[in-house]
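In what follows, a structure is listed as structure tokens, so that the remarks can point back to it.
By letter and in written order, the chains are A, B and C; residue numbering begins at 1 in each of them.
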């Protein structure tokens, strides 16, 4: 099975600060991968590079057949193949929940109004928010807004979905509803890469764990590395995390 | 002139008419020009951004009165004869465009960068993001400043008297310089301006409430 | 008035800097006669010279002068009503043929427009009620005197009577109101404003105490119109001799035209 996401020796710096110091990673279709690590380890940056939100200085990235190194990228197609959900949901405040979801369906996928409506209602039901379709984001709780964000991304039927610390901004009692949606998606076979602090969740749901430290992939393996970490750094990290 | 009669009142109404016409022309031409200026200021091309910034600085730095002078009298030096309405329209358009364009550029930039990211990550092009996501939010942000400025423009049209328009303020001056009852005359002038400007402010607040419908 | 003077100076500056002749725009006597219309610029809102009557029609000594001029030229009169600040630029750029707009003949203006010989004059005077004893600048010591800000009166009194208690007002109308309501006992201004003050102070009218300066007023014309200038000068001479210009002045100002103008000695 060939990898759907492949990073090779990727390097990225912000000014003088080298945030990614040569990371390599392979993700197969249908896999759920959790990237964990301390703040500043480069995990969010790595994720953002996969959707070309950041450009890289060295190495190569291949996502859904797109080459994201130097040279031109077909952003339009890339962004249809890859969906991303952000920590701060980033819903469009001037549109209702349903309109948020329908916007890209109409203008990017060029679906008819009827098709947009049908798809939007379907993904909203999937995340359990059908009854909130005509509400504005501001009227929803954080957990609900995040579920809408996931639905919005999902509606575009991407091949890969990226989740950038999507529960970090939520109150603890609201993370559960979001994690459930993610778990359902995983069970449905979506290829997913999650940057997360939720260790228990990662251990339960992920096929592969990637531990990043100081801009490098420090340790990878199955969920068991969280209970039996091999490197000292992961031991320390997990010791504080779990 | 011994007293303020209906004839003087009618003269003032004519002046008011000119103030309204000049204001409408300013709004119409200025909003179109301002939109163009705003787009130039947020353009991806650096030279376009810099030229627009420079032009804005120049026009903002020239008092409207001088701008009117230059457009009406100044160009005559080079043999171009402009009629007063054309001159006033051009000067007001330049003036309003420079300020509105800058106000709107500011509002566009105030919309959080994450909104751009979210829009583009859904596959929307830069122009689609601008049109469907950023501008609607920027409009709401810019409404108070925009209408505040337009209210100033209504009052600034009084400067057009220098190119020959007997608008409201000038009408008041002419009447007062024959009647010498400044309190009566200018209280009336002020009242007329208030009647023009107050509805604008009220409308602005109503629009803000309407655009805030999603929020509490 | 201060603002319009600054703008006028700015206008002069702009056009001097451009240093390009607008002769191409100007109409000389033949063209005017051929077109059948004389475009005369008047500054509206100047008491006695060019103001609006009760029917909001232009009236005054400048207006009557313009009417007579057009009649004698055998053409129709077209009044171009402008503001004070626009007087010189309007003539400079040929937007009117002549200006009869109480324009003082000054060297700066003469650089950019042509003037006729004087047809009237403007006196700056110090005025006060009969009971007040003032004969010259020295008598203003410690006296409260009102002037309109940034006018020649302001400059003159500030220079020659700085020991007076000078109160500056924003425009002529405000000065008139202040004097009529007793806020200032003495003023330095022009005669038309004194007449307005006296309309309200019927019991203790102001009178002229002494003349500070006298400014000659000329008809302004675009440079490069020699025939027009020659005709205008002759016309003024003729009408001073036959007393018509004196009659017009007396009718609207209630005082005699200055002998300096009548005898053309200045």
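In this text, a residue touches a chain if its C-beta (ideal position, glycine included) is under 8 Å from a C-beta of that chain, and two chains touch if they have at least 3 such contacts.
Every value quoted in this text rests on a predicted model; they were computed, and no experiment measured them.
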Chain centroid nearest the full-protein CA centroid: B
Greatest separation from subunit C - chain, by CA centre: A
Whole-Å gap between the CA centroids of subunit A and subunit B: 46
Geometric centre distance via CA averages, subunit C-subunit A, whole Å: 80
Computed distance of Cα centres, subunit C from subunit B, in Å: 36
Residues of subunit B touching subunit C in the complex: 1-2, 5, 7-8, 10-11, 65-66, 69-70, 73-74, 76-79, 81, 161-164, 166, 170, 173-178, 180, 182
Residues of subunit C touching subunit B in the complex: 7, 10-11, 14-15, 18, 20, 22, 24-25, 44-47, 51-56, 80-83, 85-86, 89-90, 92-95, 172-174, 176-177, 196, 199-200
Residues of subunit A defined as touching subunit B within the complex: 51, 53, 75-76, 79-80, 82-84, 86, 88, 90-94, 96, 103-104, 107-109, 136-139, 152-153, 156
Of subunit B, residues touching subunit A in the complex: 114-115, 117-125, 128, 132-133, 136-137, 140, 211, 213-216
